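Letters A, B, C, D and E mark the chains in the order given here, with residues in each chain numbered from 1 onward.
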Amino acid sequence: MARRIIHLALFKEDQVDETAEALEALRGMGIVDRDISVISGTPFSEKMLGRPMTWTRVPIIAIAGAVVGFLVAAFLNFGTPLLYPIRVGGMALQTIPTSFVIFFELTMLGLLISTFIGVFVESISPSYGPAGYDPRISDGQIGVLFWAPPELDPKLHETLTGLGAEIIHGTETKKLWLF
Amino acid sequence: MAEQIKEQVNERWGMVIDMNLCTGCNACVTACAMENNIPWVGEDDAGYGRGIYWMRIQRYWEGEYPETTPSYQPVMCQQCGHAPCEPVCPVFATVHSEEEQINLQVYNRCIGTRYCANNCPYFARSFNWFDYSYQIPEPLNYYLNPNVTVRRRGVMEKCTFCVQRIHAGQEQAKAQGRAVRDGEVVPACAQACPADAIIFGDLSDPNSRVSQAARSQRSYTLLEALGTEPKVIYLKGEGTYGG
Amino acid sequence: MAAEVKPIANTLHTPSEEHEELREQLMFDPRPREELNRMVLDSMTHTTPRYWTAVGVLTVLVLTLLLGMWGYLIFTGIGISGERRPNYWGIFIVTFVFWIGISHAGTFVSAILRVFKAEFRRPFTRAAELMTTFGLAAGALWPLIHLGRVWVFYWMIPYPNARWLWPNFRSPLVWDLLAITTYLLSSTIYLFLPLLPDLAMARDRTTGWRHAIYRALALGWRGTEAEWARLRKAISIFAFAIIPVMFSVHTIVSWDFAMGMVGGWNSTIFGPYFIIGAILSGVSAVITILVVLRATLKNMTYFIRPEHIDALGKLVLVFSMAWAYFFFNDYLVQWYGGHDVVRALLSFHASGPDAWIWYCMLLFNIVIPWLTLWNKKLRRTPWVMLVVTLLINVGMYFERYTIIPLTLGHQRMPFDWGEYSPRFPEISLALGSLCLFMLLYLLASRLIPMVPVWEVREGQEAHLVRKVGKTVVPTVSELD
Amino acid sequence: MNKPLPWWLRPWVRVTAGLIFLILLGGAVGGIYLTQQTPQQPIQFPHSFHVGAGIPCLYCHPGAQWGPVAGLPTTQKCWGCHQQVAKTKTSPELQKLVAYVEKNEGIPWVPVFIQPDFVHFNHRPHVAAGVACETCHGDMTKVTVAEAKPRQNMGWCLDCHSKQPQEKWTRLSDCSTCHY
Amino acid sequence: MSDTISRRNFLKLTGLGAAGAALTGCGKAARYVTRRPYYDMPEYGALGESTYFATTCGECPAGCGLIMRTFEGRAIKAEGNPQHPVNMGKLCSRGLVGVQGLYNPDRIKGPGRRAQRGHDQVTALDWNAALDVVKQALGGGQKVAFFLGLSPDHIADLTAELAQAIGAPAPVRYGALGMFDGRAGLAEACRQVFGEARLPYFDLAGADLVISFGANFLETWLSPVAYTRGYSQFRRSAATGKRRGYFISLEARRSLTSGVADEWYPVAPGSEGLAALALGRLLAERGWALPLDASAVDVDAAAQAAGMTRAQLEHLADLASQAAHPLFIPGGNALAHAGGLAAARSILALNLAAGALGQPGGLYLSPAAADSSSLRDVQALVDRMRTGQVETLFIHGVNPVFELPPALGFTEALSNVKQVISFASFPDETALQSDYLLPDHTPLESWGYQRTLAGADRPVYSAQQPVVVPLYDTRSSADVLLSAGLLPYSDEVDFIQKKIAPLITQGGNVQATEIATFWARFLQSGGWWPVQAALAAPSAPAGLEAAAPQAAAAPEGQFHLVTYPTQMGDGRGANRPWLQETPNPSTTVVWNTWVEINPATADALGLKNDDIVKVKSSAGEVEAAVYRFPAIRPDTVAIPFGQGHTALGRWAEGRGANPALLLAPALNEAGDLAFGDTLVTLTPTGRRRPLAKLESTAGVYGEH
């Protein structure tokens, strides 16, 4: 596949409506949502921009982590006393009331750590949308990144500048993280 | 020989202290210290409350002059059946011995949280605030008992019912292919007690001297309401001696 | 400083008179994101000789008072502290509980207010979360300092060793270890997640070593929709999950005492009592920190307003009342129960040689807050709030002091009653941990954006005029 | 542009840091190694030869069958046999023994299998239970001067104890069996 | 002697350095301790097995039997000898810490010559040179004097023979414990009442009522372990089928002994004899045949002087007349007064009237004559020293510079003695004033025997034998004295064997036909004693005169002083760290000296616990911290004896105060020191020094 040029349309931070319109226009030009990604310094919900819902695995990873934590707790509570049985204070080897504490803490620990791991892993795993970045994003500007065939260039230019955007053609995909 | 030895030993060691006989002379305290390598801590630390005493004689005064009467209560680790010190230790450094039915303190496992000492209602535990035994000058360390671990700083210690003597007694009995005799195993305090106020033995044997004394109508245990099931039983008050 | 910046009047709604107060609190004098970024970065990079002096002094103090003394403690033994029979726990544990308590409110303020969508939280959540993390860092040292043999502390950690001997999961100390680990990790992550966009912002505007750090920490943040969605999801999981964790932590800390057989400790309400106390001390500490930040950090007068302090002051008042309720509950029940030991103990608290501690506790935690915090004017005067909140923390320290060494000293055997007074090494270590906390905070204030810019901006943008019929709806929460 | 290297990249910093690391590592490794080394014995006693000659372990270490300590042979015990052994007069190693006998001194054997201070080990029950010497001490037919078997730690003890019948396990896993 | 001991086959253990050295946890030194072997060691000794030796405790003159546990040549633990008739397997604190004396790092490690008295500097001496010094000194004939302690007896026997051989005066034998026991007075009272100057033995075990007049027999008096054993039997009922014994104590201060009394009467110091006499009169009224005429005693006046009421005395008389086996014990505090002898006589007469002589529950006389001297003899020696009649003074087993009241002038008189030869094992105060230090072995390293005077119902020759090889270059004093060749004994063991040889024919626990076997069995069983209780029953009395000593009340502003020995014994215990750390039973104070004051008195003087108070008597003054002692007469203060050393090593030096400084050298009729008559004033100094004590210092007894 030939390298496609990535375009970046930058909108001012209060131009949310214009952004939404621009997205609509791009779709009208036959650019599918998959080839567009919106980057912003402020969280806008997909609804606001009329974008399809994004999908994340973080909750599933979190729940998986919680289950792992629960199982670890079960092992520590009920498994380890059997490995080297030691009696203390006249208590049974495995006590249920105290186990609640361990269950709770380890489940929570599993949940919270795996939530973070989920965020981390998803953050550093490659994304399929158009890459590209501009520091002005963190100044609150809204960027629309998209791949477009070269023949659409004039049309694009006209439409987007008309909405008040600044267009950067062929933004370089700067390395933003360590790898 | 090995076949004859009963493998399952189910002694339940216990102690009876007759308060009517105790004169409060503190010989038991010294005997305990000499047997168990208990270091002295010196005047400053002893005065500060760091003295290491596996057993101590609590002296209370009762009454107004001239009826002021001291009462002497020897208190050591009560070897509770339901020991409050045990479950709180995070690393199983103080555990219940299934074998001897006493409370153990494993010095090398102790990390020094001092939780057990807080939780002991009898204050039977002593902490090694410094390397007291390490400071014993040559050649005074020659008398240290090789059968008892010398504790270093940062660990808790307490009365063990002279478990090294219990083991020696059991070992000897086993080597000779017999059961431990009543009175064969005595801790240092009971051995020294000039008034013979301390009786030690196997509570599971109904005929042992200690069992007979423990059945006395004069018997009580310390802080009975706490439900710690102590193995140290005190005798006090009127009544016939010995049950 | 803030006055130099003009509001973007043309695009944003001009507040009407009757809403002005509310809007100021919600920072309804919005400024462009670029401006906010600049202000925050400015505060991070702006260092004065005074700052470096403070850092230098604190570093020296941490090295000597805390690390040096700890080294000395390890090499000589716990005996250099004032602990003795029967006060086996002293300042070490008092300070531990104190820091864990402090670390509560950071998360409490941030998570609870986030869950309840309390808008005024936005500018200071970061400051509060940082307090949690550093408070925990300072607090988590104490169980280690306290150990008689700290070099084998890892025996408490559950790991399979050659002996198949695991920690005792029936010991409250192991619960403590797990709870604090959980809390420390999760509160650090909870600090980190909302920080991502701000780190990216900082990454874009810095060069050199700062850029390297931010680039590494920002995890390649670009601000895509997917990233935002992920972040929102993760933050909401955290905000909901961390609250019970937070409650469990201090409950478990209280169980260190309540599980025991010590007279005066074995109380069923210790859990909530400790939590309320922790929140009281923690929210007070947030106020203290905000007042200090506002006075010392550049551009903070814009972000942190007296109204924030006012709102938090109300919280403190509520928690002071709640604390008083729990204190009375604990006291009355123990007293009425009539156990000799406990009664002797309670009268010892109130009449013993250290009774002044008990009275100061009541004065600082109840009397002073109740006398001052009902007054809006006082609540909005930063220095008054500084004094009051500092006193509350002193009072809470005294509360823990009363509960730990003073209670341990009077137990069931009068022959072994004892008094405890801290010795220099303990005081030095306690001050050292305070210095550590301050040092970490000082350093962090120049490394981490102390204001969550994107959240502030999000709040401000959410307040862009929304017409619902003929009225103007000012808050997002009402909008939802 | 020729920017000056940041300080942490300068060669001398790196070399110094590397050296410090190596010294610390060397110290640690050396320290551990030294504690694991088999000590020097006054006489290079060839266990392999004696065991090969059919002398039972308990002849020289008789304590193992009746007490906690196996014991190290006295000069008399060595001399009891060696005064009749012709080689005693010729071997330079055995001349040391002769010297000890003449001076009427004991041989300062260095015990090799030493448990830490807080471990109380008793040979007798182990011998009585039929544990062979080589189970713990290794095959002495292959060893000349006694060598400490590494890692005689608690896990090692328990490995064997846990293989015992269940009814013995209570006693064999009891902390006070070894620690008091 | 050294030839004899080589058979013992011990070698000092230096390499292993005990468990303490093996503590470092890791490192070559810890894991591979080089064990220096004990050549010719019996094999069992090298196999981690303990070896047990029977010997005799040398910590006090009571002569309890010890079983010393030794391990690889080290003495580990003192245990009581269960066969020994004195202690029957029991021991007191002092005996238990004997090993801390043996291994005390401050011991004198070899013979030496002190450059100047009172100075630390000692030049080491060769034993041969030292023996020459002794030989030459013994040539001095009657200008030689011996000052011995109360133990061990074989040295006393040897020196007595030696003194006779060289024409020197008989050795003086005295010690602080004897002084506090009131030994001379007791023996003299026995002589007057029963016709023989011997020490009495009270059979507590058989008695059902004991009235003690100031006898602290559970703590230090005569033979505390034996008496505690007896007390234990006395308190039991099952053993004898009688009811539990009832114990009444009359003493100004509630000592350890009075502490367990069922009734305690804080009688004024010095009034014990009066109380006994009044009790006698009341008993005579109840039909007792009192051997002395007590009819002249005014019971009311006596009761008042003693601080009792008539009703109380009547109550005592009722109890005594109803008891089957009443015992009346005259203790140290009752004897230490100007009228002490009369008091002792009165109290012994009560026993006589009770008819409890020579039978269970009664009074026996010890077999041997009390061979300790009275303070009068000591004073005579001091006079001789002062006037230059003593050229050489041998001191063994006693520390007179510390133990005797300085007012007696012993230390000053010492300066007129040309050479002082000390056999002390420890650098005590007297050794510091000596010219030659010829250290004896400590009791656990030496041979010897001790005749038990007052702790058993039978005569006992308690055997002492070395349990370890001497640690240092010390030498048995008996060997040193015998080296002069003036007596027909080859060495110490030879002497002891000859001394015990007559016992072969007397039967007893050790059966043998010739001395070698007898000797071996004698050592093995820890001594010789008859199998059956065998003590002389006292004979009928001669006519006794009833002297009622007048007890003087303490004048306003002055207090009676009670001085009593504690577990420190005669002071030699002060260098045993564990004795120092063993809490005093009554006060739980450790490591220091205190002044016991009744709280009411203390309040009147404005004294709190731990306030330092200056105690001043006509003889001297000391300072010590106040201990508010609730069970002491308000007009009396008490200071324990044993601390206040200026020498004796690191644990003893500069610790506490020595109440001997307060005692005036007033003697009573029997030649005992009337230390009970000392009157003192108290002056608060305004300083405080917290006493180290085990009991709570926080708010238990009022003070926070």
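The criterion applied here is as follows: a contact is a pair of C-beta atoms (placed from the backbone, for glycine too) under 8 Å apart; a residue touches a chain by one contact, two chains touch by 3 or more.
Computed from a predicted model, the values in this text were never measured in an experiment.
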item: Most distant chain from chain D, judged by the mean position of its C-alpha atoms; value: A
item: Identity of the most central chain, Cα criterion; value: B
item: Of B-D and A-C, pair with higher C-beta contact tally; value: A-C
item: Chain of greatest Cα-centre distance to chain E; value: A
item: Computed distance of Cα centres, chain C from chain B, in Å; value: 46
item: Approximate Å spacing (C-alpha centroids) for the pair chain A, chain B; value: 64
item: Chain A and chain E: spacing of chain centres that average the CA atoms, whole Å; value: 89
item: Mean-CA-position distance for chain D and chain C (Å); value: 54
item: Chain A, residues touching no fewer than two other chains; value: 84, 86, 88-89, 91
item: Residues of chain D engaged with two or more neighbouring chains; value: 116-117, 158, 175
item: Residues within chain B bordering two or more other chains; value: 48, 51, 58-59, 84, 87, 89, 92, 95, 98, 109, 150
item: Residues of chain B touching chain C in the complex; value: 45, 48-51, 58-60, 73, 75, 84, 87-92, 109-115, 117-123, 126-131, 153-156, 223, 226
item: Residues of chain C that touch chain E when the two form their complex; value: 348, 352-353, 409-410, 414-419
item: Chain C to chain A touching residues, read off their complex; value: 11, 32-34, 37, 158, 163-166, 168-170, 175, 178-179, 181-182, 185-186, 189-190, 192-193, 197, 200-201, 203-205, 215-216, 218-234, 237-238, 241-242, 244-245, 248, 252, 454, 457-458, 461, 464
item: Contact set on chain C toward chain B in their complex; value: 76-79, 83-86, 88-89, 143, 146-150, 152-153, 155-156, 165, 167-168, 170-174, 177, 256, 259-262, 408, 411-416, 418
item: Contact footprint of chain D on chain C as seen in their complex; value: 161-164, 209
